[in-house]
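Several structures are given next for inspection.
Both complexes below contain subunit A, partnered by subunit B and then by subunit C.
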Partner chain A sequence: MWIFTQSIINGILAGGVYALIAVGITVIFGVMRLVNFASGAFFTLSMYLGYFVYSFTGWNCYQLIPAVAILSAAVAYVTFKFTISPVLGKSSDATILVTVGLSFFLQNLVIVLFGGTALTLPSEISNVSIRIGEYTLGLPRTIAFMVAIVLVLGVSLLVNKSNFGRSMRATAENPEVAEMLGIKSRRVYTLAWIIGIVMTSIGGLLLTPIYYVNNTVGAPFRTVSLMAVVLGGLGDIRGAFICGLLLGIIESVFSAYFSAYIGLLGIFIVYLIIFLFKPQGIFGRKERVG
Partner chain B sequence: MKTEQKKKWIHQVLPLSCIAIVILLLPFGIQSNYIITVAVTCFLFSCFGVCWNMISGYGGQISWCHAVFVSIGAYTTILMNNLAGWSPFIAIPVSMILSFIISTVIGKISFRYRGPFFSITTIAFAEIVRVLLLNFRDFTGGSAGITRPYIGASFWNLMFENDTPFYYISFVLMVGVVYITYRFEKSKTGYYLKAIKGDEDAAISLGIDTSRIKLTAFQLSAVLTAVIGVFYGAFINYVQPNTICGMDFSVQIGSVVIVGGLGTVWGSMIGAFILIPLIELANILLGAQGGAQLLYGLALIFVVIAQPRGVIYLFSKENRDRIAQKLGKGAKKTSEKIREKGREDI
Partner chain C sequence: MRLLEISGVSAAYGDLKVLHDVSLHVDEGEIVSLVGSNGAGKTMLLRIISGLVPVTEGQITLGGKNLLKVRPYERVSVGLSHIPQGRGTLAKLTVKENLILGAYSLKSSQQREENIERAYGMFPKLRERKNQIAGSLSGGEQQMLAIARALMCDPKIIAMDEPSLGLAPIVVENVFEIIQRVSSERKIAILIVEQNLVQSLSIAHRGYVLENGRIVREGEAKALLEDKDIRSAYLGI
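And now, the complex of A and B:
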């Protein structure tokens, strides 16, 4: 029983980052119907950006958050301008191909810039853990989880309550009408893309205390969060968040009872089963997605 | 009728057979094994591209798990050889069956709904297979990979002293795959598939079982890819999960097709001959491991944005007309057309 509870706790903590990335993908998809296959590469890139700033300043991972957020927002703006913007409104194949191309490009760009060897961002808390009764919570994961919750809440407030959120939803609903009402859809798209990317980037940065920085570190995170996005019902922020946590738990339970790498297989099997019976997502409305 | 046949002969058959003869004679003029190796890589990637194009080009369902089918072929070949000493030719049916089962499961589940589900499921699947291959160390050699030791040249084992025999084998494979794809394109399923890509609602309203057609195309594409994978495995003699089964390999296959021209047989075939030599050149010039790989990503993004129809568009009649028009010949042509139309009207 101890193993079970402990693995659920671990799963929730690990799921926080999945949820964060999944919400980032969802914000982008919700507005412009574009699945960001490059999220894993931005996740990786943010770790390298963190390392880059660290090598000048020596700040720790949490002091780096604002700097990395600004840098990744800049990268996001540039990539949107040159790669995403030209294919918006074209076929969904084009958007898939461009984001995958972007992902491949960024993944190899970091090798060219930083070399192929794995780097580490030193942190004093990487091995610190909190004890609650007989259970232990790794401190870096706990902080990452809490930051993720705060960011997701912030973004869902932004989307649901603010003026900008209203213009986002209006653009998602019908871009032409939104344009007529004076909403600059291009600007909304750009901002949604930047918000999505910055969320992913912060997720990456928060894991630097426990992960080596190398160019493929983002791949499993991208994979799991894409599955979370699908299971949450494409475009549903709440669904993506809950499914992110859920997949984290599933991975952790499978890893605890079988072996570490079976975790991902467990997620995939659960994904296939849920997708088979509820393709509109766990919280999806009863309608055909398409 | 006769002139038409003659025209077809001059425009299609003659140049193609000339190219074929040049390709067949090429190894006699080249002493360097390296160039032959690159040529074989081109042929094999061309095959992969044509297979990938079947589902992703005609069907518009972008697959990112073709690397898995390649590695099914390659791993089956090498494992069968190492564990039992069996020939790659026995690995062919085994890997065909395996890839058929896998493509059926993935296709059945993800083709029922439209949208990016297929792409997402294939990405997830490829990632999981890579992780499993990395971790079943006893069987797959883990991240160190496995090699097929040299046991003497023989055709039955697809093992030769140099790569020249592979040059011919892969050329024949390419011709075969292109022929199958050509027939597929002209078949009922091929037309259905293109109709689905064009307008899925319209296709459904015409009574086409869209998920069934997509599934057929995916199965055929997967099985062919696995067969080529067997030869690829025998050619490189070394498999390692991160290079052959990662998403990167699928992206390379995809880039080759995009550069050549998505959705056409010839486009997906020629892409490899443009991109692979470029990458090899960049490898030599840049030396770094990431530098040349960058080109795949750049080429992919650039072509999708600038000219989604790829390099093959440059040779198309449409483009020639456009250029002619730009050069001023168009004006004359249009006036002629108007005059002709006038005559007809009278």
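And now, the complex of A and C:
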């Protein structure tokens, strides 16, 4: 029983970052019907950006959050302008190819800039954990989880309650009508892309205390988060969030009962089973958003 | 005073030429009805006015300003409101959110609040339903919402694409009454594009008949309504 509860706790904490990335992907998909296969590469890039700023300042991972958010927003802006924007509204094949291409480009760019050997961002709390009764919560994961929750809540508030969120939802539903009302759809797309990328990037940065920085570290995160997005019903923020946590739990339970290498496999198995019975996702309505 | 002036507009979808040398105008506060059957090019003309489709030839001015130089999302700021075919209400947003977005181009939030109150005053049904999603409204209510939203930006002119589409005859009558009232009370010009010839011409000052992308008749609405040729072509009498 201890193992089970402990692995659920671990899973929820780890799932927070999946949920964060999944919500980032969802914001982008919800507004412009574009699946961001480059999310893993941005996750990776953010760790390198963190390392880069650290090498001048010596800041720790949490002090680095604002700097990395700004730098990744800048990279997001540039990549949107030169890679995403030109293919928006074209065939979905084109948009898929562009984000996949962007992913390769960024993964190789970091090798060119930072070399091929894995880096570490030193952290004093790498091995610190909190004890609650007989259970342990790794401190870096706990903080990552809490930041993820705050960001997801913030973004859902933004989308559902703010003026900008309204214009996002209007553009998502009908870009032509949105333009008739005075909303510049390009601007909405750009900002949605930046928000999605920054969420993913902060997810990456928050895991630097417990992960080596190398150029493929983001790949499994991208895969799991994309699965959470699909299970969550494509375009549904709440669904993506819950499924992110759920996949974290599944991975952790499988790792606890079998071996750490089995965790991801467990996710794939569960994903395939759910997908077989509910192809529209757990939270997906038959009629999809948009 | 001339408000909207369309002169010599031609346009095409790819190789398909749809509009040929179309000229029409709408004066301030005037209701003008453009009638024509399926595929005549009515929707295309309105989409051109909103900047969603380019012209191959011709000029369009609104209040003396070259409209073709104004970006689509900026046209609402020069006084143009467009109710597209199918009403264009945002089904997943609430009634209130639709109204708020109608005033997106207004700078002052106080003005926005006032306009929402005015809309609720004009359409009490919308106040009752304000927190419901627009998709849950009936067709007639959605048309009311579309009109209310189009008024939110304090336009000089509203272009409406087939406001009668999909509505029961009694509701259509009601909608046209509202359009007429709004226009005369607030001095807003209306360009209605319709297949429903009798209803739309009976509230209009002037009318145009569009056939296969060409204006074939124009004149006082009354005269067009009484015209033998038009009656036999469009009403079969």
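A few remarks follow.
Just so we're on the same page, the second predicted complex is superposed on the first by the 286 of 290 C-alpha atoms of A that agree within 3 Å, B and C clash if a C-alpha of one lies under 4 Å from a C-alpha of the other, contacts with A are read in each partner's own complex, and residues count from 1 in each chain.
In the analysis below, a contact is a pair of C-beta atoms (placed from the backbone, for glycine too) under 8 Å apart; a residue touches a chain by one contact, two chains touch by 3 or more.
Computed from a predicted model, the values in this text were never measured in an experiment.
By the touch criterion defined above, A:Thr5 lies against neither subunit B nor subunit C after alignment on the C-alpha atoms of chain A. With both structures placed on the common chain, the touch criterion links A:Asn127 to neither subunit B nor subunit C.
Counted by residues of subunit A touched, the larger count belongs to B, out of subunit B and subunit C.
By the document's definition of touching, of the two partners only subunit B reaches A:Val87; subunit C does not. In the superposed model, A:Gly182 lies in contact with subunit C only, and not with subunit B. Contacts of A:Glu173 after superposition: subunit C is touched, whereas subunit B is not reached. After overlaying the two complexes on the shared chain, residue contacts for A:Ser162 are found with neither subunit B nor subunit C.
In the superposition on chain A, A:Leu264 makes contact with subunit B only, while subunit C stays out of contact range. Contacts of A:Ile96 after superposition on the shared chain: subunit B is touched, whereas subunit C is not.
Common to the subunit B and subunit C contact sets on subunit A are residues 289. Those residues of subunit A that touch subunit B in the complex are listed here as 35, 37, 83, 86-87, 90-94, 96-98, 100-112, 116, 215-216, 219-220, 222-223, 226-227, 229-230, 234, 259, 261, 264-265, 268, 271-272, 275-276, 279, 288-290. Those residues of subunit A that touch subunit C in the shared complex are 163, 166-167, 169-170, 173-174, 176-185, 289. For subunit B in complex with subunit A, the touching residues are 56, 60, 62, 64, 105, 109-110, 112-117, 119-121, 123-125, 127-128, 131-132, 134-135, 242, 246-248, 251, 254-255, 258, 262, 288-291, 293-294, 296-298, 300-301, 304-305, 308. Residues 50-52, 72-77, 81-82, 84, 88, 90-93, 97, 100-102, 104-105, 149, 153 of subunit C are the ones that touch subunit A when the two sit in their complex.
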